[in-house]
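Should a chain be cited, it is by its letter among A, B, C and D, assigned in written order, with residues numbered from 1 in that chain.
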Amino acid sequence: MALDKYGIAKRIAQELRDGMYVNLGIGIPTLVSNFVPEGMTVIFQSENGILGMGPYPVEEEVDADLINAGKETVTLIKGAALFDSAESFGMIRAGKIDLTVLGAMEVSEHGDIANWKIPGKMVKGMGGAMDLVAGAKNIIVAMMHTNPKGESKLLPQCSLPLTGLGCVKKVVTELAVLAIKDGCFHLLERAPGVGVEEIVQKTAGKLIVPEFVPEMQIN
Amino acid sequence: MNKVFASADEAISDISSGATLMLGGFGLNGIPENAIAALVRKNIQQLTCISNNAGVDDFGLGLLLKTKQIKKMISSYVGENAEFERQLLSGELEVELIPQGTLATRIQMAGMGIPAFYTPAGYGTEIAVGKEIRDFNGKHYLMEHALHADFAIVKAWKGDTLGNLVFRKTTRNFSTSMAKAGTITIAEVEELVTPGEIDPDAVDVAGVYVHRIFEGKHYEKRIERRTVRLEK
Amino acid sequence: MNKVFASADEAISDISSGATLMLGGFGLNGIPENAIAALVRKNIQQLTCISNNAGVDDFGLGLLLKTKQIKKMISSYVGENAEFERQLLSGELEVELIPQGTLATRIQMAGMGIPAFYTPAGYGTEIAVGKEIRDFNGKHYLMEHALHADFAIVKAWKGDTLGNLVFRKTTRNFSTSMAKAGTITIAEVEELVTPGEIDPDAVDVAGVYVHRIFEGKHYEKRIERRTVRLEK
Amino acid sequence: MALDKYGIAKRIAQELRDGMYVNLGIGIPTLVSNFVPEGMTVIFQSENGILGMGPYPVEEEVDADLINAGKETVTLIKGAALFDSAESFGMIRAGKIDLTVLGAMEVSEHGDIANWKIPGKMVKGMGGAMDLVAGAKNIIVAMMHTNPKGESKLLPQCSLPLTGLGCVKKVVTELAVLAIKDGCFHLLERAPGVGVEEIVQKTAGKLIVPEFVPEMQIN
């Protein structure tokens, strides 16, 4: 059965390692912070100027001066640090952030990503996405395998305006975990109960399928 | 040396139509509420506003949009504002979108006297069109230029009469860099204190960058997305 | 996540001969005393040291000079050290002199992921020889590159076990930028505290930049020029 | 009579204006801070990271963590700010420092300055001088009119390696105040009792001498 958004977040959380500094985009990526494995220290960065972002505040903790990049009220963990946007993007650009998780409209077999603009629609802006994809050491995309029309979002090349070139290393969808390498998607895992045929059929880009494709271990 | 102004209206009194302004804040977080209200009252037109976002319909830069005082916005993300969208689609408003890190760094460089620098953000995208592209150690970078403004308008938590500023939590955002990039920098503060009351080790923006300072009133500090959890 | 080391010797144990090091401090102000002593004990050779100054004969980097562990110094001013002068004149020591602001900014840019930038310092001087020169708005600038190091070694006042650092007075100098520019950054602190004891608003260097931290011992904090006035 | 170093510092102090941010080099320039006119606020920057440098400390105030760019122990005025070297030189480069006063070995009629290197002698380094002369809005040189051999230090062009090109606006020596403009030194004032002939004789660069040259007002 295809994963729901929590399932995708749980699977991505399995990529976390102790000591990682991680930036999570808006949407499904944000949910990943709920599934940090027990006993592991993972520090979340928010590009508006937080290292050590904590959970949402309880009502009495709400502080208008403390928000995340999604403009939501948040808290700080013990040992957090605050800084300005220039410093924050310096940190990102210098490769100090180990992992960025973000959503996408399209990903190509070359690791290109498009997630900011649909021609003909009102463009809200790229925010920090172009800086994040150009700077982070490792980028995982969390998205649905297909768009609402049922068309594959894993393509030979992106049709939408790009956010970044050749930067995505891994994609986690409701159906599969895929690595991107040497101009191909590589099927690593399938969602529990999902058949390889469905993934093949919904992946428009070149897809390498090994003989045995394990099921994701999600609980 | 007197940098202290009695009110927002006095502090912005010489900003005229057609000026380029930097306005600090991220969404509604840490915005110069008093100065924005004064700009609305003054009703100057044709402003170019450099600000990461464009406020919401009835607060922040949205107030200046409503009164059609803004000719052009230079931002990274402008998605929270219906009037903005209307003006943009009707061609009344011009928008230049810049990657957030590039925007922050272009402003920072202006305050450091560095006219141009190289960043990887936007390589291979439409942002790179027309820009110098260069390789350093096998990676591609775009040349980007420092971004200046006639006036930088920021809001800090505390400030002293010499112009030293201290910020709270995530309100630093673009404000600390903008404060250094304005030809004239105007700071509004929640609390204006005398020199010596701010620990020199705690200053976020040194007074040398700040030309005018005033104590703001009635901070609303509106929250854009109030997210809470239930249990402690 | 464990960044805490028990001693300077353990923190520097994998630095080997031929490494490029950044060492924080300005003169003897804010230097990593414990790490320097450990480097002397380890007696690794052929070091390239990036540091604004070269210490004095019997303290700071002068200790590493005395034991002839330094192959090359990259500095802006090296005038306080007789052994330095002897080694330089005899050809044992190589020196690269860089304008102080260019040095500080090249280090800062390394920590910001910016490979190159333009600065006016040194235009028309021998510093400009061989460098790209470019006009921006009618003024001449040199292109300068980010300066990296295998290890950055700095000394802060307080630090926590997550690597967050706080500095006192003028000890920030080159240390805050170097801490962000090292492939591996090692910080020694006068006081190592647990997370939560440092106000997040007061952090000078966020923990993400710091890979190893230890509490130093017996800080001497030698004063290079003790200048006093008589009356209060 | 030619001025002594205090006289030179006093004359330079007359160039100060209320609200100025000033960086003083080592030597005679440092003395200028002792002669700030009554009732004027002038804020001194030290390029190692101080804005609002105060006088030397009394014995009990000495703090090893607080020095100036000359590595001397100093104090802070009320309203001082501390920062790192990168920030400090950013401030300088961005033209936020109104006035820099520094010593020189040679100054040319074009405003070039040489003050860091003598070929054949041990070179200690330029320190912050190249950044200061390239960045400050206004530069005044404080120096002796001639070198120990009696040769003019105000030259058609510098013979020593340059620190900066066309940046010096004014020179104050023990004999005279001179402006530099349009490729000439312009004699503005002479030291009390010093004759114009002596200045002319000791100035090797092009020198414009007006009909009347007032005496400096120093007390």
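Please note the rule applied: a contact is a pair of C-beta atoms (placed from the backbone, for glycine too) under 8 Å apart; a residue touches a chain by one contact, two chains touch by 3 or more.
Note that the coordinates shown come from a computational prediction; the quantities given were computed from them, not determined experimentally.
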(message) If you apply the touch rule, which chains end up adjacent to both chain A and chain C?
(response) B
(message) Suppose chain centres are the mean of their C-alpha atoms. Which chain sits farthest from chain D?
(response) A
(message) Between A-B and B-D, which chain pair is linked by the larger number of C-beta contacts?
(response) A-B
(request) State, to the nearest whole Å, the distance from the C-alpha centre of chain B to the C-alpha centre of chain C. (result) 33
(request) Could you put a whole-Å number on the gap between the CA centroids of chain A and chain B? (result) 29
(request) Just give me the whole-number Å value for how far the CA centre of chain A lies from that of chain D. (result) 56
(request) Let me have the rounded angstrom distance from the C-alpha centre of chain B over to the C-alpha centre of chain D, please. (result) 36
(request) For chain C, write out the residues touching at least two other chains, lowest number first. (result) 105, 112-114, 119-120, 168-169, 200-201
(request) Quick one: which residues in chain D touch 2 or more of the other chains? (result) 82-83, 89-90, 92-93, 135
(request) Identify every two-chain combination in which the chains touch. (result) A-B, A-C, B-C, B-D, C-D
(request) Spell out the residues on chain A that touch chain C in their complex, using ranges where they run on. (result) 18-19, 21, 41, 43, 45, 51-52, 76-83, 87, 89-97, 135
(request) Could you pull out which chain B residues touch chain D in their complex? (result) 1, 110-114, 160-162, 164, 180, 194-196, 198, 200-201, 203, 206-209
(request) State the interface residues of chain B toward chain A in the complex, per the touch definition above. (result) 26-30, 52, 75-80, 85, 88-89, 97, 99-102, 104-105, 107-108, 119-127, 157, 168-177, 204, 221-232
(message) Under the definition above, what is the set of chain D residues touching chain C in their complex?
(response) 46-50, 55-59, 62-74, 82-86, 88-90, 92-93, 112, 122-132, 134-135, 161-166
(message) Applying the document's contact rule, which stretches of chain C touch chain B when the two form their complex?
(response) 105, 109, 112-120, 134, 136-137, 139, 141, 145, 167-169, 200-202
